[in-house]
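Note that the chains take the letters A, B, C and D in the order they are written out, and that residue 1 is the start of every chain.
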Amino acid sequence: MKKLINDPRAVTTEYLEGLAAAHPALLRISTHPAFVVRADAPVPGKVAILSGGGSGHEPLHAGFVGAGMLDAAVPGPVFTSPTPDPIVAATKAVDGGAGVLYVVKNYTGDVLNFETAAELASLDGVEVRTVVVNDDVAVRDSLYTAGRRGVAGALVVEKIAGAAAERGDDLDAIVHLCRRVIGLARSMGVAITPPTVPHSGEPSFVLADDEVEFGIGIHGEPGRARTAFAPVDRLVDELLEAILEDRPIAAGSRVLVVLNGMGSTPSSELYIAFRRVAQVLASAGIEIERSLVGSLVTSLDMQGFSITVVPLDDELVRLWDAPVHTAALRWGR
Amino acid sequence: MKKLINDPRAVTTEYLEGLAAAHPALLRISTHPAFVVRADAPVPGKVAILSGGGSGHEPLHAGFVGAGMLDAAVPGPVFTSPTPDPIVAATKAVDGGAGVLYVVKNYTGDVLNFETAAELASLDGVEVRTVVVNDDVAVRDSLYTAGRRGVAGALVVEKIAGAAAERGDDLDAIVHLCRRVIGLARSMGVAITPPTVPHSGEPSFVLADDEVEFGIGIHGEPGRARTAFAPVDRLVDELLEAILEDRPIAAGSRVLVVLNGMGSTPSSELYIAFRRVAQVLASAGIEIERSLVGSLVTSLDMQGFSITVVPLDDELVRLWDAPVHTAALRWGR
Amino acid sequence: MTVGTQWVLDWARRSAAVLSQHRTELGDLDRAIGDGDHGENMDRGFTAVMAKLDDVPQDATPSDVLRLIATTLISSVGGAAGPLYGTAYLRASESVADRDRLDSSAIAGLFAAATEGIVQRGKALPGEKTMVDAWTLAVEAALQSAARDEQPVQLLASAADAAEAAAAATEPLVARKGRASYLGERAIGHRDPGAQSTALILRAAADAAVATADD
Amino acid sequence: MTVGTQWVLDWARRSAAVLSQHRTELGDLDRAIGDGDHGENMDRGFTAVMAKLDDVPQDATPSDVLRLIATTLISSVGGAAGPLYGTAYLRASESVADRDRLDSSAIAGLFAAATEGIVQRGKALPGEKTMVDAWTLAVEAALQSAARDEQPVQLLASAADAAEAAAAATEPLVARKGRASYLGERAIGHRDPGAQSTALILRAAADAAVATADD
């Protein structure tokens, strides 16, 4: 395995140190326990937005810490949820008296560890609420399983929550808003190469030259099915079909599309995929009111992409457009 | 070869179409001939900044079209300079009467094609000036060869030129400023995997599991030497040594550092590399006044990174900080 | 015959050793139907436990040590396995509070409490291809052994046998909980990593009893 | 014996065919010491030329066709090869302006003018491992052949032989121009793709003369 790292067990710490070195005006880090908070945390009177989960999805979540988005990010080891301790420490570091919202992606490990952290933080007098993001339509039968995964929809929830907190919404209102976004957001992804976890050094799965993992997650777990490699237009068509089948969107609707790279996908290929998304949605009479194209919710060095579609109304557009200033997302300032 | 594309010969066109679909407020495209101009081009009375070159380096250059940076980008086929025709067409589309500056990376093909385009555009009454970026210190003996290559330094020149044009500098002043930046900027890169050109389908070179290409270019051309794989800190040390040997920087100086991914390098690894850059420069008494970490001047799906160091003064800091609104770089608005 | 604090300590040490030995194997199992980190997670957790065992006071009860293991796992494993194993040891600790020595029925009760904790946190039922499968069969074996008035060494051996069989029996199953549930039919033919680590840990418990039981 | 417009047309068609056949080979050569696109570039250029040949008017002179090839290559090849070959054909066109038929000395002059154009644009000297090496030796062979009063068919065969030998002779060289110059010593042992495409094109010229020369 060749990776541009040093000690495989130090990747999370060293990443945080690099992030802090690059963005001193934006954020502060703690390495033991590992968390990132915005430079001016805690912001008195503002609800704090905290997210986290296993590492390996960069820039999610640490790259979204800053004004207008996350107050704190808590990265666990690669693909492994953080334990409650750093979550609690980060919670205390960002609580400005108005409570803390946990944005958790729906994985058993994340849910359980954030659950414990919330209990512990509450014991210490911090008001904590949790929303669980589960936008991945690749997982079926969710009634009888661990349920849908949280993937790139988390980014949208974090952006909207951060904007709402910045404008002064209270914790209840933000929880309500997030649940609404979670109800709307749907995603699905495909991969043409596996990721390689640093400490194992082995690719997470092996794909033949004519295969793709369809309905892939973001932890190297295999997808819904292994299917035949096809031109990207066909892959986009199939992803959109699954997304729109799961939650149909009426002609005339306005949507946000996030065309997300999985880590090692060239930017040009993301735009080629986006081109097809635009064609398909246009022919369905769905208007792409906002879009974001980039490698934002990744799976180490996996090649692939996911599509997230979120129907928008005026309020969501306003919150999406609100200024954000983080390492990975920045506009309006 | 698996790539997230359709017809390998259509990648540039389809990329442009995707770009246009994602950023309708920012830019307009032409596909035959292929070029991108900012949405409000031509801007009357403003010097227009135009760049271009082979495709495969996205987001360079098309991702830098917009207010505060490029007025036009002219992408050739993958790794192949565009011909004069689209350059001339783009020149006419952005000329606002104050002349057009070509920012050209130093490759024989680019230099010759832009040279011809400049002649043709001049015949049509457009005032054209050219600056040639040659920041790559990996190439030695430049006196007797094609000279140094232009790599990620091009981004810095484009940003500074765009800001200067936006504040109203005339063509001569911008040429002068760009030459100053080119005199200051130094870069070098390393790769751990090759890129694969779409129409060939073969990796551009083959590296063993314990090898890296040191002093790599951005077209899959092999590097200065094939050396042993090493922890990223060591690779950073060697790159910085070559950069600082080529143009020593005094302790107490302030610099801009661009830590640039080569296309398929995970963002986390770029920050791990940046961490080391910060350590080394700090111990040399050099202050990182501004930095940019991201995959910005790429070589298709190559894994690797380059470091660019540019000494700064107050004027360059101001121009770097000036608002920019493009698909790939955005701040201040 | 009973087991005591020495048994818990030895169990923890043997668990650490065996999980470190099988780190790659557990990682491979998890890579096939999960995210590949289970070996790493368990190894990290029990390495952290090992670092704390030397400071355990002379007069610590089995319950004290089990609680130390629980809190250490919770704060070092992460993922799904961290809270689940953490809760298991926490409930185990509570079930033997204030006892110095544990007889067969106390051990069976300890396992039952641990399993209940896992089920409460993770909401998995037996047969859903998780560590619950291994714990549940181990508890049944332990209760039967206790009902037959067998000694702790024998009880723990039966529990370990049962857990191993249960781990193997997860192979043909479709998963309904954990990451493997995302795979649907594709999980068939693969052993659940958490069930496998449970089997390893329960075998360590049996071996520890042989090494430390007074008789 | 002379050659005329038919020769230029046939030369272009044969060039297109041979460059398309050798597209991968030229790409591989360029991949080894450049960026891998030379086969693609030349194929794209001559495919564009082919598309224009049908519209060439009956009364076109050799110079007209050479100019059409030049402008088409300039606007379709790109890279270094586009302007260099483009200039070559442009100068070739100028060198035979207003002639309907070309004798041996006109052909030698045409090659000399083409080569001068390449050198002027690219500033490469012979021995720097570029297409200039092949053109230069071909011109020498052509001039000698013309001096010996040989016929065009023979002249063109000698020129093609010389270009092929020159292309092979680039292998041991270090490059001083073009992308291969970035490699320093690492370029040794690899043939220059532009010299190779020149050899192919000049062989096409010789074959076209055999097919179209009046005698």
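Throughout what follows, contacts are C-beta pairs under 8 Å (C-beta built on N, C-alpha and C of every residue); 3 or more make two chains touch, one makes a residue touch a chain.
What you see is a predicted model, and the numbers here were worked out from it, not measured in a lab.
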Omitting chain B while every other chain stays put - resulting connected groups: A, C | D
Partner chains shared by chain A and chain B (touch criterion as defined above): none
Chain whose Cα centroid lies at the greatest distance from that of chain B: C
For chain A paired with chain C, centre-to-centre distance based on mean C-alpha positions, whole Å: 33
Rounded Å distance, chain A centre to chain D centre (Cα mean): 55
Chain centre separation (chain C, chain D; CA means) in Å: 76
Shared-contact residues (touching 2 or more other chains) in chain C: none
Chain contact topology (line, ring, star, complete or other): line
Touching pairs - complete list by chain label: A-B, A-C, B-D
Footprint of chain B on chain A - complex, ascending: 1-7, 11, 14-15, 17-19, 21-22, 55-56, 58-59, 63, 192-193, 209-210, 212, 229, 231-233, 235, 259, 263-275, 278, 288, 291, 293, 295, 298, 300-301, 303-305, 327-328, 330-333
Residues on chain D engaged by chain B in the complex (per definition of touch): 24, 27-28, 31, 33-37, 40-41, 44, 74-84, 121-122, 175-179, 181-184, 186
Residue ranges of chain B in contact with chain D within the complex: 54, 76-85, 107-109, 112-113, 115-116, 138-141, 144-146, 149, 197, 199-200, 202, 204-205, 217, 219-222, 224-225
